[in-house]
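Before I ask anything, let me first share the structure, which is written out below as structure tokens.
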Amino acid sequence: MTTLADPHKESFRLSMLLNDTRYRSLTFQFIALVAIIATMAFIGGNLVRNLAEAGLNISYDFLGAQAGYDINQRPISYDSQDTHGRAAMVGLLNTLIVAFLGCITATIIGVVAGVLRLSPNWLVRKIMAFYVEIFRNVPVLIWILIIFSIMINAAPAPNAFRGDEPTASMWLFDSIAVTNRGVYLPKPVWGAGSLLVVGVFIASIIGIFLFRRYARKQLFDHGKLIPTFWPSVALFFIPVILAQLVLGTPVSLEYPALKGFNFRGGITILGSLIALWFALSIYTGAFIAENVRAGILAVSKGQTEAAGALGLRPGRIMNLVVLPQALRVIIPPLISQYLNITKNSSLAIAVGYMDLTGTLGGITLLQTGRAIESVLLLMLFYLIISLSISFFMNIYNNTMKLQER
Amino acid sequence: MNQTSQMTVSDEVAIEITNMNKWYGTFHVLRDIDLTVQRGERIVICGPSGSGKSTLIRCINALEEHQKGKIVVDGTVLSSDLKNIDKIRSEVGMCFQHFNLFPHLTILENCTLAPIWVRKTPKKEAEETAMHFLEKVKIPEQADKYPGQLSGGQQQRVAIARSLCMRPRIMLFDEPTSALDPEMIKEVLDTMIELAEEGMTMLCVTHEMGFARQVANRVIFMDAGQIVEQNEPEEFFNNPKSERTQLFLSQILGH
Amino acid sequence: MNQTSQMTVSDEVAIEITNMNKWYGTFHVLRDIDLTVQRGERIVICGPSGSGKSTLIRCINALEEHQKGKIVVDGTVLSSDLKNIDKIRSEVGMCFQHFNLFPHLTILENCTLAPIWVRKTPKKEAEETAMHFLEKVKIPEQADKYPGQLSGGQQQRVAIARSLCMRPRIMLFDEPTSALDPEMIKEVLDTMIELAEEGMTMLCVTHEMGFARQVANRVIFMDAGQIVEQNEPEEFFNNPKSERTQLFLSQILGH
Amino acid sequence: MSDTHAQTVAFVRETEIPQSPPPALEAGAVKWVRENLFSGIFNTVLTLLALYVVVRFAIFVFPWFYNGVWEASSRKECLDILREAGKGTGACFAVLVDRWDHLVFGFKYPQDGYWRILLAFLLLIVAAGPALFSSLPRRMLLFTAFYPFLAFWLVWGGSLWLPLTILGLIIATMLVFRLISSQIPVNIRQIVSGVIGVICGAGLAYLLFIGAQELVFIANSVGTEGMIAPIAYGVFWIMAIFAFVFCVPMGIFVGYAIYNSYEDGGLVSIVASLLFGYLAFVYLLSPIWMALNSIIPIELQAVASRDMGGFMLNMLLGTICVSLSIPLGILLALGRQSPMPLIKGVCVVFIEFIRGVPLITLLFVANVMLAYFLPPESNFDLILRVIIMITLFSSAYIAEVIRGGLAALPKGQYEAADSLGLDYGQATRLIILPQALKISIPGIVNVAVGLFKDTTLVSIISMFDLVGMIRGPIQNSTEWTSVYWEVYGFGAMLFFVVCYSISQYSQWLERQLNTSHH
Amino acid sequence: ATLDEVKARGKLNCGVTTGVPGFAEPDASGVWQGFDVAVCRAVAAAVLGDGNAVEFVPTTGKTRFTALASGEIDLLARNTTWTFSRDVDLKFEFIGVNYYDGQGFMVPKELGVASAKDLDGATVCIQTGTTTELNLADFFRANSISYEPVPIETGAEAVQQYIAGACDVYTTDASALAAQRANFEDPSAHVLLPEIISKEPLGPLVRHGDNEWADISRWTLNALIAAEELGVTSVNLEELSAGTENPEINRLLGTEGELGSMLGLDAGWAKAALGVAGNYGEIFEQNIGAATPIGLARGLNAQWTDGGLIYSPPFR
């Protein structure tokens, strides 16, 4: 055969930039690059010009300036003399707190509601369907506002606990006060020897784990099935209580008490946190319930039947066969619901919970007038949170993938 | 072959179904079923689609509730008493059309799950048994793979091994080969024949007439929820009595 | 039959492939392919699975890029120039194993789409042409249905008609019958034979040896990315030269 | 009978056993109650618990609801009426009656124009019909295309001629496209292409030149002090040099490309029609509609965007943003699928960025930042800026849905289109998108519902949508201060009705897709 | 320039609160009423000749400055305190003071609090992003007592929480406290504490950089004030604008001199502004004065001639 010229050695023509597959995509990308640069020039130019006209500049120096305002929930020490930067950190932590709490309770609510939606009990099924539809189809902002209004108007003010004939009383032997400003819980006070009690407690937690492993080993090695639930419960409480008694109650509780205007002492959970937390959980819980339901339904009936035919009891079927499979289906959408909780927590602003949007994107922005800087920083923070959550989600998904041919 | 198998049939009764009826809602699926299976007997059930074959099989295993009549398996009366159901289920193994292996567990774990949690067999022992049966179905080397990594025929053989690990005295098969490609059908049938030769009591819903001829003691033909005809395979195939049976056989063998 | 067909082969070259090589990543799929197809010639390509038959066909149509060597279709060099690619594609029709009809368009729309948008034929004219070819493949009455409503054989015939509507000078077929049920295979083969009789240049990947015998001018056997043997059908089937060909034929005809 | 089997194996049934009804326990209400409510201890407990909750809830809510006062002019009056009637609790629904208009239409929309909104809403259902129900005649799509113009006129008012003229100019632009792409002979097209190529090439070169200057200006004003500034300074300078160096070559190249496309007419007709459209909108739009309007005035009272409020504002934002974000989402999805790394990268970054931040921060951007990004003299009102941001927001989510639809298409469809000689644009438009979009509709509808709910967030940047109206003027007013449940409940109900119906529709659609996939 | 934009638009965009009774609040038919609103209307009348040619843009503490800075509004009249940083750092231009105020505290009477110093441990409702928020922190810090802030977006919500008892104290400008208390079901159950902890000169403001526009706004406000001093009221406006003996009145009302054209407006600009709702005193009495439910006394906001601080530079 005669060797023909390699077709790729044609001389370059301008039309090849358009019509030749090898250059075409480069050309398009080049044009896209130029378009991007042009857009940036346009936006940037406007920005610079507008700022100059308004006599403003872009600077993050304000983060080091004194904030001057107080924040009512401070996971780290903070007062009005601290900087705006520290105020933003407080806000960030508050965001993480409400998001974290929200994720936990939303999961619990969602799983319970999702499982109950599949219950053989007609009434329960309908109630759960009602819950899910009502909450899914009304904006979360309205729920936050409604629940906050309920908090404020239905719960008694601290005032109501006062006087000779108070109209409200504390719960659980005067240890918990539920008011429209928040919930006040007893706080542990670490007296002398409390380290020991804590030690005992940690030891008993470890004990529970060891006990459960032992029980499983017994089953696997000797075929003996040891009940674990009640022993675990006992292990959780008894050693600590014993230690308390023996050591003369080194860990005492500080009860909240009405002093002056408010309950003092104990742990305070702000009303705004509760409202936001509760609203986010119950709203997102409705979505999670649907995911859970879909996940369980995704495990085919044949799996349950096969397990049943092998003689497994319903509880075991759930634990050993259905749940492990359903989880693979449930977890990816669950993580996006966690992302949604985190993002929706920015609605804290509607109830005055001082999260990131309330501090950095709210008061700091207003007091310093650094709108562009604050909003950009705000978005950056949320982006980092979201991206890290999705990063872990991807890792999880990859490890959990079912083995296929 | 037929002869040898027949010899293993003992006089003990393995399953006794008397006047059993079942409804789905108002739909009468099973009507006045009477059936006695001796220990060691191998029964093939056939019949047109929707005739209630699967339902019958599943009733024996308490996967479905029956509403009238009596089912006695290995001396245990099947009632809604959970204890009895458990007892029966651990006596009776079942193979499904779609295998229903647990995709999140390895083959070995699939096989040891029930022995460990139901029979409370120590894990080690359970694994040994499992390997024994996996060898029997000729796939011990797949023990650590996941079901998704096996072919259909291999999966069905694992499903059989999984049932056998519970050391059942009776095996139920519901169209175990109908979801398989032709070359895989043979693998599975071979396994079943081997099982049959060892004297296992078997009830098998299948349309594999070759299999029926080779191993069955009795072929049962069902239609519209009733047992229409039953007979020894030779008689059944060569000399069907009922018109419906004739029609059915002409269709099925005409292929 | 073979005689008449051979007469239509002209001296013009329809496709000329010289020293063509293709890699998928580092995997060398096609090696030093040399092939010249005269206008009017009908070539059947066969070979074991994975030997690169589909890839060869798809290279001719520029669905895959080749990395070395030269392909000339109807005088147009297949380079990375889009103009040439467009030209070649409008000369060359292609039928896929899975038909790949557009499910959201009616049969008629499937057939008129390319003429209208690529050839800029007025709609009316395009529809007339389409009906003409639909009649040719004997399903004019299905024109207003959707592909999902047709049987596999009908779908494949529509796919052929769809290609023909672009009035290609060369047709490529990639296992057009292998996804079909036996009774439908005949429908499609008949259509292809008819096409062959009209003198269309055809390259066809198929294992239908009856078809090859009846219409092919030349049978090409590929293995491991190379053309191992090519010959006239009679010669090829009765007197294969290479050992690999013999082995392959024994398997395929043994069926 | 049973033991006969063992001995005489053969058995033939001669008679048909009749169908009989199931035993009484197995049918009717008794069975239902037993199976569904009391099928075990656990279930019985659950049932009783659920009943308790339901009853408690009813006892709590029912009197409140039943005693509701519908006519009063303030909360005080409401309470007085309740007290006089001796009823303990009772809702004060009078607020809904009193502020009905505000809740639904906002407090600035002219009262005699409410019919316009209602009409626009009814027509919306008609217009959305063919997109949502594939069984409706395709010809209705014509109305769908016309609807935006009609709705714009109905809602914003002004002269009917304005939207009509816009529509006319759009059609004219499309005609120009048609004309150049296929109707005129090639040699004339060659001349046209040349002229347009020169114009566009020169224009582009000039724009890039200005852009380069702009970038130098930005770089200089960023300065080199601080930590990040020097980097930004360098980047802007590099971009400026890039733009400067390539302004002429790019101009020449684009001009050439336009000229070069005269044969098939693709590029030149797009550019020419865009050019025509631009010029027509700048120079012809207002003279034409004003002239038409002075001849036959058809006018409705004009209403400014600012004056939209209440639930209507939520509906407006929802529909406008979703419809605008679908085309954008399609482009993003296609871009994300693109084999070109730069284009893919831009789309990925955009989508992931938008999906990573809360909508509220984007609304802050609309509120406090967007004005800085636009030319000083441009005057976008808040609604427009909010629409832009919400559209960007939802387009990212819609892009992900559509990407799923694209991924679900078999590769064979792309190949078949290729082998027929369709180019990328044709294949995408005619083959890929129609199928991908159809699969994506349920997903898009879900995004739309979510977005519609999220439109309430605009209340946080002090717009008076339904929630803003409640939190602002109504609860602020002397008469209705501290009225909560009635208004929030009403708001929740409005949203529930709309969202629930839409999501039921989408579930129906999903079932349809699952069963009838051809 | 802003003036041209406003004229071209035919409407003045004026930022007001989302609702403080007496200062700015839409009534049941959606028409904005109030003391701050009157300033907007006066400026609109001066520029466009029509006191109704105003687009009221409700703003929260949070959105007000960005709305002004971004050009969404031309004038912000929203009981905003004139402070150094707002004037200098945020680049705004306060055009005067229309109400001299100070931050006060409101508590329910039943708490029996007599002084702000007794508020140790109290929960305080406070509007975010205001000067009062910063003053509050300073005040409690200076007196070394503790408190718990409840930050709230709008006045209305603050009031709701205060009434429900979610906070013990509500603090903001004393004028707003009085205004909002007037709305309560039982105003007498709440007291204002004697301490006024800050100076809050409230005034309208415009953007930096457009001095012409600032002048127009500033002198419109001054015209309202000067009119009261000179005895020009809505009753005698027509009569006086026919010409008077007093040259300053004549200059104000445009029958003498060129003040209008110096501003780039008609000669009758001030007359138009006064024609909307009368002079400063009339506006005060109509909206927040002793005869209204809000019932504020003139106090510091009396004319300088009556011992107050309200003082307009001469029209000359």
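List of remarks:
Each chain gets a letter, A, B, C, D and E, in the order it is written, and its residues are counted from 1.
Everything below uses one rule, namely that contacts are C-beta pairs under 8 Å (C-beta built on N, C-alpha and C of every residue); 3 or more make two chains touch, one makes a residue touch a chain.
Quick caveat: nothing in here was measured; it's all calculated off a predicted structure.
Among the remaining chains, those touching chain C as well as chain D are A.
When you average the Cα atoms of each chain and compare centres, the chain farthest from chain C turns out to be E.
Between A-E and B-D, more contacting C-beta pairs join the chains of A-E.
Of all chains shown, D has the CA centroid lying nearest to the centroid of every protein CA atom. Between chain A and chain C, the centres computed from C-alpha atoms are 58 Å apart. For this pair, chain B with chain E, the centres built from the Cα atoms lie 89 Å apart.
Work out the mean CA point of chain C and of chain E, and you get 84 Å between them. Look at where the CA atoms of chain D average out and do the same for chain E: the two points lie 40 Å apart. For chain A, the set of residues that touch two or more other chains comprises 18, 53, 153, 349-350, 365, 371.
Residue positions of chain C touching 2 or more other chains: there are none.
In chain D, the residues that reach two or more other chains under the touch definition are 368, 371-372, 460, 471.
Applying the touch definition to all chain combinations yields A-B, A-C, A-D, A-E, B-D, C-D, D-E. The touching residues of chain D, counted against chain B in their complex, run 1-3, 5-6, 9-13, 16-17, 19-23, 26-27. Put simply, chain E touches chain D in their complex at residues 5, 18-19, 21, 25-26, 28-30, 55, 57-60, 62-63, 66-67, 70-72, 153-157, 159-160, 163-164, 183, 185. Residues of chain A touching chain E in their complex: 53-56, 68-72, 79-81, 152-153, 157-160, 180-181, 259-262, 264, 271-272, 349-350, 352, 354, 358, 362-363, 365-369, 371. Residues 1-4, 6-8, 10, 16, 18-22, 24 of chain A touch chain C in their complex. The residues of chain E lying in touch with chain A in their complex are 61-62, 65-66, 69, 85-86, 89-91, 110-111, 119-123, 128-130, 133-134, 136-138, 140-141, 147-153, 160-161, 164-168, 207-209.
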